[in-house]
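Pasting the structures in now, so scroll down.
Consider the two complexes below, in which chain A is the common component and chain B and chain C are the respective partners.
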Partner chain A sequence: MDPLESIKATFFQECDELLTDAEQGLLALEAGDTDPETINAVFRAVHSVKGGAGAFGLEDLIRFAHVFETVMDMLRSGEMHLTDDVAKTLLRASDVLADHVEAARTGGKVDEARSAPILAELQALAGHEGLDDDGDGGLDGGEIDFTPLTLSIEEDAAPLAPPVPEIPTAQVWEVYFRPRAEMYAKANDTALVLRELARLGKAEVVLDQSDLPTLDHLAAEHAYLSWTIRLETEADEASIREVFEFVEDDCDLTIAREGEEPAQAAPADDFDLAALLAKAHAAPSEPEAPAAVVEPPPAAAAEVDVAALIARAQEAAPIIEAAKPAEPPRAATPAAAAPPPAAAAAAAPAAPPTATIRVDLDRVDRLINAVGELVIQQAMLSQRVLESGLARSSDVALGLEDLELLTREIQDSVMAIRAQPVKSVFQRMPRLVREVADMVGKRVRLVMEGENTEVDKTVIERLSDPITHMLRNAIDHGLETPDERQEAGKGAEGTVKLAALHRGGRIVIEVSDDGKGINRKRVRGIAVNKGLIAEDAVLTDEEIDNLIFLPGFSTAETISDISGRGVGMDVVKRSIQALGGRISISSEPGKGSKFTMSLPLTLAVLDGMVLSASEQTLVAPLSNIVESLTPRSEDVHFIGGQDAVIRIRDTFVPLIDVGVSLGFRDAPIDPASGVAILVESEGGGKAALVVEAIQGQRQVVIKSLEANYQQVPGVAAATILGDGRVALILDVDSLVSNSRRKGGRPEKRMAAA
Partner chain B sequence: MTKTILTIDDSRTMREMLNLALVQAGYRVIQAVDGVEGLEVLQAEGADVVITDINMPRLDGFGVIEGVRANPVHRATPILVLTTESDATKKDRARKAGATGWIVKPFNPEKLIDAVRRVAA
Partner chain C sequence: MTEAVLMGAGTRRELIAFRIGDQEFCVDIMSVREIRGWTTATPLPRSPAFVKGVINLRGAVLPIVDLGARLGLATSEPTARHVIMVVKIGERTVGLLVDAVSDIINLTDDAVQPTPDVACDTVRMFVKGLFALDGRMISLISLDHVLPETEAEAA
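Up next is the complex of A and B:
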């Protein structure tokens, strides 16, 4: 890739990080953080966005970032105080800044209707400072373009004469240059200045060391020398002056055309011009001054010649002044400025060691796939060995056991490589919440917890949609308007909490609000009206709450722009189930609701119980299994002569014949002849799966059925077992809920399927 | 002898830009992400020229300049600060602290190399 394009890609990548930093800083500020470093961090982030944008000439982005930065700078310097309103404006500004970055990335345009008002608000905050200069970011032209040129000193050593329109004519200039000690203290170097000057044309340099005191009066870091340069060049005064750009304030300098009074050309400094003039003119004519005169050729050899000049000047001085260093600061320099020893330079890596490396995700994915195959192969091998009749204590079997442990360890480590904190998803949410809140006219505070909870990247990517939905739902349906809240004796601002945690080998995402809770009467009424439940159905509160996940259910009286568009919670639930996840809701009237979503930590492997049903091999995720038991006939009862339940201790649990549910056979087997696996679904519902036998427990590599075949109800995915057979992985949740709905309302069987 | 330039900037974009221009011009480049790391790297590896940003976390560019100038071994290392056109006060402050020169952002490679050459022996 073109290196510039690659840097541009880096820039946009960095922008994402900077925008996140800025947003998080602003959120902290909004929440009352008063640490100046927080303001600083936001300032730096915006500043860096602007800096990079400047380098690429992204004008719109620069313009917006500039005003934003100005406001941050005013906050930073204490010129402006951070009020709640300012914080809110800045947060919205960070959203618009993100829009500008996105527009720059895609070459599109930002929505002016969104950007302009915020820009105006920022400008209002910045006052005159936001309006006066926009040159900072490079809008003043000239230096916007970063055009990489292959440059080297040698190539570039030709006279810097720029292509000026008029025919350049060489002129002779007289330059008087007397460094002050400060110039050397800042590591500037006369030799380099003279070298630069020599690049402009033909230079005759005369050293005046008449001010050098005797050795006993010599101060090590004082400056005693001055130079007069007769320069024949086509360059104008500005170009000459530019050579002295870095040292101008730390030296006495006059630049004049030969024969002219330098007074006109001299900077309006406060040094004694007359004295200088006298000196300048006196210097070359002083007979005892050892004048080293060199005429460096303008091209490549310039450096060498000036160096020689300096060397000679330095040699010359000691002759006169009895071995005094001619240029004190330089004398102090060599040891320090010497290049590092070759060995050290060679041993030193190009960059300081860092604790992290960046690896292409493709490579990690390949590694994970390979490890998946390794796990399968290892399982196959174990099985073969087992079948071969080797003793468990044989060396081969023992070796295999070690191999199994190692394989497991490798797998865990490899999965950990791909694990990422959910932060990357969470950090997109504050903006969403602000926008949704604005749209529905509610005031919302988002609290996030557990952002560092790690989960496999395959899962991370798919968290975003469900979380977005749950948050929208919480704001749109869960929270009340500020007025309603105040009537209910709550603060006008509602709180929505987004939390992530690990529980039982799964990642749990909770979205809770302190709103009005689910209106169960209404939910039930709607469900009955829509024919989702029977009018006389007896449902627990929890079951009523979870009705909102039924297909076609929507409680919003007007389908708003936010939660509407036909995408209901049923879609959310289905997409979560497709990931082997579960979602449920609990609610307390007047106090709020809580969505709980749980997903496997990875979509790559699964700990499962291998089962047989109807001569098929199936795998039930271990995370769903509570216990397994052999049903006794006297514990099995039939409700209405049809739906079997089993009594486990003091509760009755529906029996689900897996063979029948998956369509392997028509009639259920006698539960007492098989094994019952007590499973628990995310909704808290329990059921007992009836299968013929349990084969064992093992870790399996998940192969998506959808990717390879199609979605099958009751089946979450497939896997390849040790003996090479394909086994289906059960979707326990859908099995349980299907059987429940079947029991509750037979005609819904089709819809459920 | 290839000269070594230490670039200190918290922006990856800026570091990469500096790196591109400097490496193309034949310099060896080492990078640091903030002032503290910059001073550590300078101490450990040395450099012929230091190019530093001003706004950085942990230790800003002024701190870098002061740190370098107060270091008996590296005090004579030339330091170029990256500034922007509007940062006249910052540039002055950097100069007072002992900056050797400055580079105005956004820079083009030519200007950058010019500035480096003006301070690199």
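Up next is the complex of A and C:
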């Protein structure tokens, strides 16, 4: 990859983290957190996004981030007071900022209709509050609505900071700039700073290289150069200082009007770590380094690997505890312990190495596949050894047992590598909730729990849609409007809770609301009207609640944009079942409802029932199986010539002969001679699969058929069993729907059960 | 193993020759990943007759194509004496069931004659050309169309 591209990719990765930080900070502020450090954290995050964007010349992003930053800065300095409205505006601004980042990443454009009003609101906040220092911060919605008149999208990124009482005439400034080695170590380039400075006005730059030693005394990582810039500009001192914002703490900087006594402006940061290190290392350990330096020293220094530098810092600090990798660099640089926010933001790229690495997902996948093979090979080997008649207590058998333990351990550890906290999905949800709540005019508070619950990446990627849908449903259908809530004696703001937890080797996601709960009478009425259940069907409360998962069911009286197209919950259920999961609902009238979905922790393995049919070994996903039974001949009935149904507790479900269905044989076996497995497919359709025998329940590794061949109807994937043979995993949904195409609508009968 | 080196202009290439029934064929050696003995395959439902099923190749699910059946030759049930040539076709790895692998042949492109018009369409789809070697006729097989067409997948 092009080095710039890869740096850019890193920038965007960081942006994601920064945006999340910002959003979380803002949420905390909205919730009433008044800790200045929270405001600072948001400021830093926005600032870092802006800084990075500046390096890549992402103009739109810079412009937006700049205004955002200005507002945050005013909050930070106490010029503006944080009110609920301000917090809400800022939250929406963070959404738009995320849009800008996304647009910059994809090279697209941000929807101006979305971005411009927010930008205007921010500018209004900045402008209005900046001038009006009565300090009550009481911006009501009306004022915000009118302020777009002041909007100028093309407005320059020049600071919107409160005007400094200074006549903007050209003045001559004398700037002395001496970078320290840290500045280069953080990959800052003097040339960029100087170029930026030259934009302010006419600049005469004089390089002082008098400190430059001869080549044999030169330490590669030291900084020797300094510059004096004579700048003729209308800008004030603050603007000039802003140019040095990112490097301020890593250089000696004085800015003075020509003829004035220069004031020492650089922070008192005497602990020049890199310089010390350079001294310590250059002489004894790098004899060839000077010879290798052909570029001017700053350039060479700029290439210094930050990580290497920090690694050395760790070596140099004997107080390090290995268990706290984040701590040592701080200990080694006391000056950084309480940095001003801007400095901290500038220092972010050089943050101490955390105990994580970024690895290409492909590599992890390869490793997981290889370990999958290892498990299979190990199982085969064990089986062969047993077959060969060796005693269980023999050395070989014992060794194999150890090997088995070890392989399990490796498998678990490897799966843990790919496991990720559900945070990555959860963190997108606050925004969704805000948008949906705005659309339907409800006030919603989202509470999230268990964000750090880990689950395999393959599952994570597919969690987003069902969660999105369930949340929308909870806000749209579950919660009442503020008025209704107050009538019911609840607070105007509804609460939606999103929680993740591990339970019994599966991940459970719960979405609950404190709304009105399911109106069972209405649900029942609709189900009868739509012919989903018989009018006189006797259903338990729970059964009624679960009617909403039937295809074609929708309780919304008005069809809204958000949900209620009548494809709602059955789609959710189907997509969850496709992942081998289940979903259920419990509800208490007046108090709210709770959706619970449980999913396997990984899609790489599957719990399956191993079956035999037509001399083939097949695997049925356990998540589809309801029960298994031995059919009695008197329960088997025929509808017409071929189509058999079986009576299971007063319900007739179609019988599907798996061997025939897959084309392995022409005539079905006598159901009574085999085993029937009652399965539930998408949308709740039930059928009984007839096979010769059940071999047992096993966890199998899922192998794709498409990788080397193509999709096969009736087969979801393949797996490899302990004997080394390939076994096919049944696609229960397609088996059932194939049979349904000629048969009736089994779900009608299901609901009447 | 006899190694026939044919002189002449054109690109030199190495080919693996194999036998199905009493006919000889060959494919480019670069597409062949490995050669292994026949193991029982797991049949795939609703697949063409020439797809024998899938086997486990060190964890990968490998479809087995009976090349004889694909070419329209008479075939018999595979035995332990049959051979699977594991070949790479595009991104896919496929096992070709053949009777035996006989030779490695070195030759240049210009030794290959175009397939005569007599051949039927099926054969012309797979046979890129012919060449003579020690009085035998060997057909050069193109692997592009060996797998069944994948309209079903796209649909």
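Criterion: the second predicted complex is superposed on the first by the 382 of 753 C-alpha atoms of A that agree within 3 Å, B and C clash if a C-alpha of one lies under 4 Å from a C-alpha of the other, contacts with A are read in each partner's own complex, and residues count from 1 in each chain.
Here is the rule we use: contacts are C-beta pairs under 8 Å (C-beta built on N, C-alpha and C of every residue); 3 or more make two chains touch, one makes a residue touch a chain.
Computed from a predicted structure; not experimentally measured.
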Worksheet item: With the two structures laid over each other on chain A, which partner does A:G515 touch: chain B (first), chain C (second), both, or neither?
Response: neither
Discussion item. After superposing on the shared chain, does chain C or chain B touch more chain A residues?
Written reply: B
Practice prompt. Examine A:G478 and indicate which partner it touches, taking first as chain B and second as chain C; both and neither are also allowed.
Written response: neither
Practice prompt. Examine A:P3 and indicate which partner it touches, taking first as chain B and second as chain C; both and neither are also allowed.
Written response: first
Discussion item. For A:P671, using the defined touch cut-off, is the partner it touches chain B, chain C, both, or neither? Pick first, second, both or neither.
Written reply: neither
Worksheet entry | For the chain C and chain A complex, residues of the former touching the latter | 40-47, 51, 53-56, 58-63, 92-94, 147-148, 150, 152-153
Worksheet item: In their complex, what parts of chain B are in touch with chain A?
Response: 1, 3-4, 10-14, 16-17, 20-21, 24-26, 28-32, 37, 40-41, 44-46, 48, 55-57, 69, 72-79, 84-87, 95, 98-102, 104-111, 113, 117-121
Discussion item. Quick check: in the complex, which residue numbers of chain A touch chain C?
Written reply: 369-370, 372-373, 376-377, 616-617, 661-664, 703-715, 718, 720, 724-728
Fill in: Contacting residues of chain A [partner chain B, same complex]
3-4, 6-7, 10-11, 13-14, 40-41, 43-44, 47-48, 51-52, 54-55, 133, 135-138, 140, 143-153, 156, 185-189, 191-193, 196, 243, 245-246, 249, 329, 332-333, 336-337, 339-340, 344-345, 348, 350-352
